[in-house]
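Below are two complexes that have subunit A in common, paired first with subunit B and then with subunit C.
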Partner chain A sequence: MAKSPLEYIESLPREIIYTILIICLAVPLVKPLGLPVPISSRVKEWHQYVEGLPDGAYVLVSVDYGVGSLPALEPFMVATLHDLFERNVKVVIMTLYSDGPICYESLITKVNPDAYGKQYGVDYVFLGYIPGGETAMKAVAENLHAAVPTDYYGTPLNQIPMLKDISGASDFAMIISVTPSGDVAQGWIRQWVTPYGITYMSCVLAMMMPTMEPYYPAQVKALTDAGRAGEYEYLIGKPGSGIRKLDAFSVAHIMLIIAIIIANIAYFALKAQKKGGA
Partner chain B sequence: MADIWTECGIWVAAILTIAVYSFAYRDNPLFKFAEHTFVGVAVGYSFVQAIRGVKTFGIDHLTAGEALYIIPIILGFLMYFRYHKTLYWLYRYGISIIVGVGIAASFVRDIETSFLAQIAATAGINIIKADPAATLGNIVFLAAVATTLYYFIFTFPMLHTGRAKTLADAGRWFMMLAFGYAFAKTVVTRYNLMLGRLEFLLFEWLKLPK
Partner chain C sequence: MSLAYRRHLPIIITFIMGIIMILQYFIVPKQPVEPYQITMQKVGETLTNWANLLAAFTIGFGMVNIALIHSRHVSRKTPGQWYYSAWLLFVAVIMVIVGIGGEPALGINVSKYQYDWMTTYVFAALSGTMYSSLAFYITSACYRAFRARTIEATALLIVGFITLMSRTPAFQAYLPQVIEVADWINKYIVKSSFRGILIGGALGAILLGIRTLMGMETGYLGRRD
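And now, the complex of A and B:
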């Protein structure tokens, strides 16, 4: 027996839904609609903390993601590094993910520290992948030189000018972690915020926000999700990948809301029909 | 020459991306091939990083005269006894040290991080703010905390009957809202991941103008 239109809508093949979704996501990417970009208080707060760093302050930036979550997290990380390199601060970069070095290479190519006159070893350094998860965070906090003997390229830390006088967490003004993992984001609180009181800023995947919200703002001073990269790019005047995605987000959300409404109408109409027929 | 290799890499990445997303239609051999390739490459890369880690964080210290580093190296080596038929029990020493250190490192601070600091932060909220929306937000927040905690008091059944049940129901509604928020954020994350790949396909592979 042929399906009625309502039955067809209620059990719409997923291929059709996915095709519509891909169109909704792809078209605004190629042809941006130019929708307004309201900047949320979370992003403003993030920028204010970076802006408030004193000259010469040391910031630990942990690229705590791998290639699997790179498409979602990298735009925010790029914007953060742009914001940091605009200032006279020292940036120490590390990763707790074994494929983090790939992400670092991609990141630093996009940010291009040379354009800001930043020099490797003087203004920024990459320590590479530090295995051990939370124990690595603890080891770096207690004694950086003992925990990490060389940077990613094999240069002993005591030969890197900007790290000569750095011993551990108490020398850092701020820690920034961009990660898809709740355990990593919470680990920094346990190992750096609770014992040393370091200002901690965390950017997580949107789906991790409910996990991290309880720690904000008492323990995580600035907390945002990576989907807000476009707002950050707009705020600091560095348009990139994030801002291109904003229109696509809006169109896809509208499509999803319409789909939910149509499916619900179909569901209730069918229910009423069956009740009437019975 | 380098450009040709970059272009080859882009083509391989694009084909594998499409192969992975073909799962949205249904499971197929192309998806399986891409999945296994990804796992294989990830394992290979992680293996090299692990070797590098053993050298940097172990062997280098040992050769520099720090003899105590022999202990973690031996413990690490013991873990491979997992594959030995009779001496397999030796791997437990390595595992137990790793688990013990990990738990000790996180647990000691977790009481303060996940309980005491949050209780203090919640109790210390100034409800009245200059912004009426913030004041309302604080009231809703405190109501959500109180009613959700109330919902989980199972020791006294009478707290879940009659009029008192309203409080537990309110807690359940707040939890449902939180789960809805979490689900919505999951959708946003999936969009974000997919947009990253679409961006690659459209601008790096098909080279459409940005």
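And now, the complex of A and C:
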């Protein structure tokens, strides 16, 4: 028996939903709508913490994502590194993901530290992939030189000028982690924040925000989701891929809201029809 | 294999290592002074580095495991699977050869450019595609699941709507009040609920840790023959 129009709308084939979503995402990416970019308080707070770093402070930046989540997380990481390289701070970069070095290469190409006059080994360094998850965090915190004898390119840490006098977590002013993993985001709290009291800033996926909210602002001083990369780029005046996605977010979210309303109208209309028929 | 070797020895090792890690966390101060504190700190650091080495080893172990499982599928010609397994093994071998800089004995000389090209335009693109396909599944699931069927479902629908609107840049700009409502939900309802869940989970984890140390939890020993 053929479906009535209401029944059809109520159980719309997924192919149609997918097609509408593709159009809603693609059109604003190809032809930006130029919607306003409001800056949320979470992004302002993140920027204020970076801005407040004293000269010469050491910051550990953990690129805690793999290539799968790179498109979602990289824009925020790029904006953060731009913000850090604007200042006179020392940036130690590492990753807990085996494909993290690929993400680092992509990241550093986009940020281009040379443009800020930053020199590898003096102003920033990449330690590479450190296996072990939470035990790696602990090992780095306790004794950096024992946990990671060389940097990613094989240079012994005691030959890298900026790392000669660094022994572990107590030498760092801040830790920044951008990750799609709850274990990683919370692991930093357990291994760095609780024992050493380091200022921790965490950027996660939007869907992970509820799981991280309990730690904000006591343990996680600045907490935001990576979808706000466009706002951050706008705030620091470094437009990148995040800002281009904002219009697509708006259109796709509005489409979803309208679709849910239509589905509910169809559901109640069907219900009323069935009641009337009975 | 004797019971002592198969069961008692791993439990004893787990107990000793667990107790050492707990003691060094609580006994060793940030700046150890006493000889026993320095010794405990060194032992703790060594054990942590061992754990990291084991984690690194599991990557190689995983590769061997994948090779064994998929070689079996290919040799047995498992219907609907063997050609995927063959393709996986072929691509894995290519990636390894390219990753280690080629194999001159086979006449394959690879530069960093070729490795970068494969990771950027093959691996990264495919991984990103897999991940972003979630957006389609979630949209379809929202369309089907968000129905005001009951009071609980209606509450979920309303909160879902507010959250979605608060995360939409257009609404943030033209209807900023929605952010305040979403913030209130996050600050009071979400945070308190998740804190309850977290505390419950933490208590469970402590209990599991104690049971593991006491040898009452033996799941990590693997299957009993």
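Descriptive notes on the structure:
Please note the rule applied: the second predicted complex is superposed on the first by the 278 of 278 C-alpha atoms of A that agree within 3 Å, B and C clash if a C-alpha of one lies under 4 Å from a C-alpha of the other, contacts with A are read in each partner's own complex, and residues count from 1 in each chain.
The rule is simple: a residue touches a chain if its C-beta (ideal position, glycine included) is under 8 Å from a C-beta of that chain, and two chains touch if they have at least 3 such contacts.
These figures come from a predicted structure and were not determined experimentally.
Residue contacts after overlaying the shared chain place A:162 against neither subunit B nor subunit C. Legend: residue contacts after superposition of the two complexes on their common chain; A:135 is shown touching both subunit B and subunit C.
After overlaying the two complexes on the shared chain, residue contacts for A:257 are found with subunit C alone; subunit B is out of touch.
Contacts of A:69 after superposition: both subunit B and subunit C are touched. Of the two partner chains placed around the shared chain by superposition, subunit B is the only one that A:26 touches, whereas subunit C remains out of contact. In the superposition on chain A, A:190 makes contact with subunit B only, while subunit C stays out of contact range. In the superposed pair of complexes, A:98 makes contact with subunit B and with subunit C alike.
When the two structures are aligned on the shared chain, A:149 is found in touch with subunit B, with no touch to subunit C.
In the overlay built on the shared chain, the residue A:18 is in contact with subunit B and with subunit C.
Residues 14, 18, 25, 69-72, 98-99, 102, 131, 133, 135, 138, 195, 206, 209-210, 214, 227, 249, 252, 256 of subunit A touch subunit B in one complex and subunit C in the other. Residues of subunit A that touch subunit B in their complex: 14-15, 18, 22, 25-26, 29-30, 69-72, 74, 98-99, 101-102, 128-129, 131, 133-135, 138, 149-150, 186-187, 189-191, 193-195, 205-210, 214-215, 218-219, 225-227, 241, 244-245, 248-249, 252, 256. Of all the residues in subunit B, the ones that touch subunit A in their complex are 24-25, 42, 45-46, 49-50, 52-53, 56-57, 60-61, 101-102, 105-106, 109-110, 112-114, 117-118, 120-121, 178, 181-182, 185-189, 191-200, 202, 208, 210.
If you check the complex, the residues on subunit A that touch subunit C are 11-12, 14, 17-18, 21, 25, 35-38, 40, 66-72, 98-99, 102, 105-106, 130-133, 135-136, 138-139, 142-143, 146-147, 170, 195-196, 206, 209-211, 213-214, 227, 230, 246-247, 249-250, 252-254, 256-257, 259-260, 263-264, 267-268. Residues of subunit C touching subunit A in their complex: 25, 30, 41, 44-45, 48-49, 51-52, 54-56, 59, 116, 119-120, 123-124, 127-128, 130-132, 135-136, 139-140, 142-144, 146-149, 157, 161, 164-165, 167-173, 176, 179, 186-187, 190-191, 194-195, 198.
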